[in-house]
Amino acid sequence: MDILKGKGEKSPLYVKNAWYVAAWCNEVDEAGLYSISIANSPVLIYRKEDGQLAAMADQCCHRHMPLSRGIREGDDIRCMYHGLKFNTKGRCIEVPTMKLSGDDVPAQFVVPAYPVAERHDWVWVWMGDPEKADEALIPPTSGPDHPDWFMHKGHLDYAANYLLINDNLTDLGHIAYTHKNSFAGGRSDAYFNQPRVQKLDRGIRITRWNTNAPRRAYQKGKADFYDQYMTYDFLVPGVLMMYQGMFEAGSAEACDFGQVREDLEPDTASFTSQAVTPMTDATSRYFFSWGPRMVEHQENDQIVEGMWKLANQAFMEDKITIEAQQEIVNLQTGAPMVSITDDRGPVMFRKVLDSFVAEEA
Amino acid sequence: MDILKGKGEKSPLYVKNAWYVAAWCNEVDEAGLYSISIANSPVLIYRKEDGQLAAMADQCCHRHMPLSRGIREGDDIRCMYHGLKFNTKGRCIEVPTMKLSGDDVPAQFVVPAYPVAERHDWVWVWMGDPEKADEALIPPTSGPDHPDWFMHKGHLDYAANYLLINDNLTDLGHIAYTHKNSFAGGRSDAYFNQPRVQKLDRGIRITRWNTNAPRRAYQKGKADFYDQYMTYDFLVPGVLMMYQGMFEAGSAEACDFGQVREDLEPDTASFTSQAVTPMTDATSRYFFSWGPRMVEHQENDQIVEGMWKLANQAFMEDKITIEAQQEIVNLQTGAPMVSITDDRGPVMFRKVLDSFVAEEA
Amino acid sequence: MDILKGKGEKSPLYVKNAWYVAAWCNEVDEAGLYSISIANSPVLIYRKEDGQLAAMADQCCHRHMPLSRGIREGDDIRCMYHGLKFNTKGRCIEVPTMKLSGDDVPAQFVVPAYPVAERHDWVWVWMGDPEKADEALIPPTSGPDHPDWFMHKGHLDYAANYLLINDNLTDLGHIAYTHKNSFAGGRSDAYFNQPRVQKLDRGIRITRWNTNAPRRAYQKGKADFYDQYMTYDFLVPGVLMMYQGMFEAGSAEACDFGQVREDLEPDTASFTSQAVTPMTDATSRYFFSWGPRMVEHQENDQIVEGMWKLANQAFMEDKITIEAQQEIVNLQTGAPMVSITDDRGPVMFRKVLDSFVAEEA
């Protein structure tokens, strides 16, 4: 994956056998025809009359007209260029100008249907071999629909290759600088330790304890300083699920700076789900949620707004940073890149992606 | 011509020995220097003092400055970069900073002159070998200047390769869908038959009878339903000339669904001239007119406005459709394309274009 | 350099061992981080606390983040992606997330520093081998900071390759046409002679006498007509320094139409410094100043405004011309180009540039 190597070349390869986040569930509404390019492939997603989702190539098999410019007829989609009608499986079931319908329509009149699922408030699309579309492979995150958390959600579009965004999200080192005035509370020189980075079957796990993390303004807490625990998995193709908790000082040491002990209870805790979807080689969509435990929200109805304001500032900081980085990468200066400890996450995750791409090739 | 084949590649080849529509006659006015790229070549067109047209490369032979940024001096054009002056034949007749004029100017100081003609209210430019520029090859259409018709005229610029527009215009199948709410009067499921498609020396001829076509709101007619007759030639490089008439029910059968019998008189009739001009590989200009017989206009001064409103809605429907199609083609997904009966026109016309290109090669 | 040859291809090669104008001195202020691409390389320039300049690649050695998005810490720059800190020599002196600083930072943690100098009110950057950065090679122009002249200054960005702008500036022939209504005072057919063009070690020298040049409206002068003397050097990579004087009629002949005799005193005189900097292959920045002798300004406080209004009109005429030319060049029509006497300057200067590029290769 050459972007990391500084060659300025975009990776032409995407993992196909993976669930990509295509939308927040409410973005695919009852009436609409939702369209998004995923890894350069146009995808149509819509809700059937029973509320279930259908997904297929947004590209008529006849002359490549986007089907999302067509109309719904019950659960079917009619292309409004020449009237070809497709069922939810992408099978053309009517060519009206030829007076063909049903099984009389030749078998090659079909567009790829994509396995699609709703889980954790996201719409997931499987871009590879449908036979291998195992819903058990959907990352086990928690979304805004989870009863234990109270989350807000949103998305941002990037003028950048998704690998640069993955790099950003698998690296905690940038928080002290890119997010100095948001997540880092104004303190670049503060309490940030190196995380533990661990390889998983479909991604990586990152865990970090920060000692002496100050209570945020929006938090009601017992103490002024905490041991802040962050742990997240980042899974193929680019899905982040992170738990954060503020624990009594001393907890980090008590846990040997590793996984939090089950008997320890955080003073406050939050969860964030995030996903990076490559639209084209040069554009990406970044989905995100964040919020506290439901019980904290019920005690303090200001907390979510405080967190959300902070998150939106920080996510915009990332967007400005990464798009500026992409502009320099585009100049293709040929300058080398050096590595720092913080790259362990990005490098390890890129290797995981590479191995998935290689295996599919 | 690979666009049809779904390879997403643009044809690098254009027919040269053909008359291209460059403008409506009134778009080249007495004073102006009209500029348009035709098949990637910049063309300057202007009116001489006697009102006749001159056309040449819009690209000074010295440093490729567009001559359309220059000024007129009588019938000549002076480039305003270094003052080179060209006569109507593209011959440089003065290099003022070298004090050269007339025959003293070296012979290679010349830009290609293009044969140009005004016919049917259009300005036509011949982009190939001037020796072969036979005005008899100008498509024998009728324009707004024809005394028997009362037409409005206009043009639209497309962000699309012209082949996709040609495809659209040589296919009547899309009318029931793309134009469901305009030309098709809200009825996709209605009265549309397959046309007869016939090869001509320089294009194709398409003829169709639709039975039970309803009278339009802007028409004063005797009956509520007619047999609607449409016939048009579509000629190289992309010129459409179409006659439409509403005939007494039963006429289609009486004509064996073929050419209208000379003894039959339509209740109402209209004519449209249309032309597609490739500007660059990625952009095209679409010229169009439409209107009823002069006698109908004289009886009903609302009819032209009714038709024109309808046409503008329909032509915008095509533009939206084709530009959306082009965006998908640009993704180069490699998806195959299937053919339907309605493709007979597009396929036959692309073959004609291919044969012209091959012959010139 | 193919642009001149009409092949429509951009030169991929730039002279490296040369001083490029990066900014007017006041454009790099005390607090800011100034960024400009020079010959496709991003460059950061800023002022140290002592007011001296520092320049380095605007591209962090870690992940190519532009350092100009970072912050200043004293004389150092901290990248705000991961906090790497660089001294004024481009040496990384701190990797905070790795707790590395000073000599513990590996030697390859470095970005190229560029030799930078302030001279003649311009910031100059040397893009090649720092060992060869001899400030004696900075063109010996006079800028707005010179006590003998009273100049205004500005810049324009072009959507054009810099070679087309160099061509324009090394050719006096276009003045009578492109600038007919500005510099040429409405008279294309007037008093313009061919200049003498002479090769220099690092560029060319152009000298021209125009006889019967009329006094401009903003000039207070003794006579209505003068012998106008213009002489300028145009040096690698694209720096113009021009002296103009209005001398008593007959002076041209008295100087044999060559260099002005030292005993001759102009009635009015002006100086202009101009520089063309390639930003990318397709974009350039054009810096310019112009003004009269300080003594003339002191006698006539309207003269600078008159000159500046004229210059801005003329420089915009050039921009419109050259960007139009570039659009035609981009069409890559393959049309040949012919040469005229006025090309002596452009051709000679392109040869100088070519020889510098070849020597470095």
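By letter and in written order, the chains are A, B and C; residue numbering begins at 1 in each of them.
In this text, a residue touches a chain if its C-beta (ideal position, glycine included) is under 8 Å from a C-beta of that chain, and two chains touch if they have at least 3 such contacts.
Because the structure is predicted, anything quoted here is derived from the model rather than measured.
One rotation lays the C-alpha atoms of chain B on chain C, and its angle is 120 degrees to the nearest 5.
Copies chain A and chain B of the same chain sequence form an interface built mainly from non-equivalent positions, shared numbers / all numbers used being under half. Averaged C-alpha coordinates give centres for chain A and chain B that are 48 Å from one another.
Shared interface positions of chain C, i.e. residues touching 2 or more other chains, are not present.
Residues 37, 40-42, 57-59, 61-66, 69, 78-84, 95-98, 106, 108-109, 111-112, 280 of chain C touch chain A in their complex. Those residues of chain B lying in contact with chain A across their complex are 6, 167, 171, 173-174, 176-178, 180, 188-189, 192, 194, 320-321, 324-325, 327-329, 331-333, 335-342.
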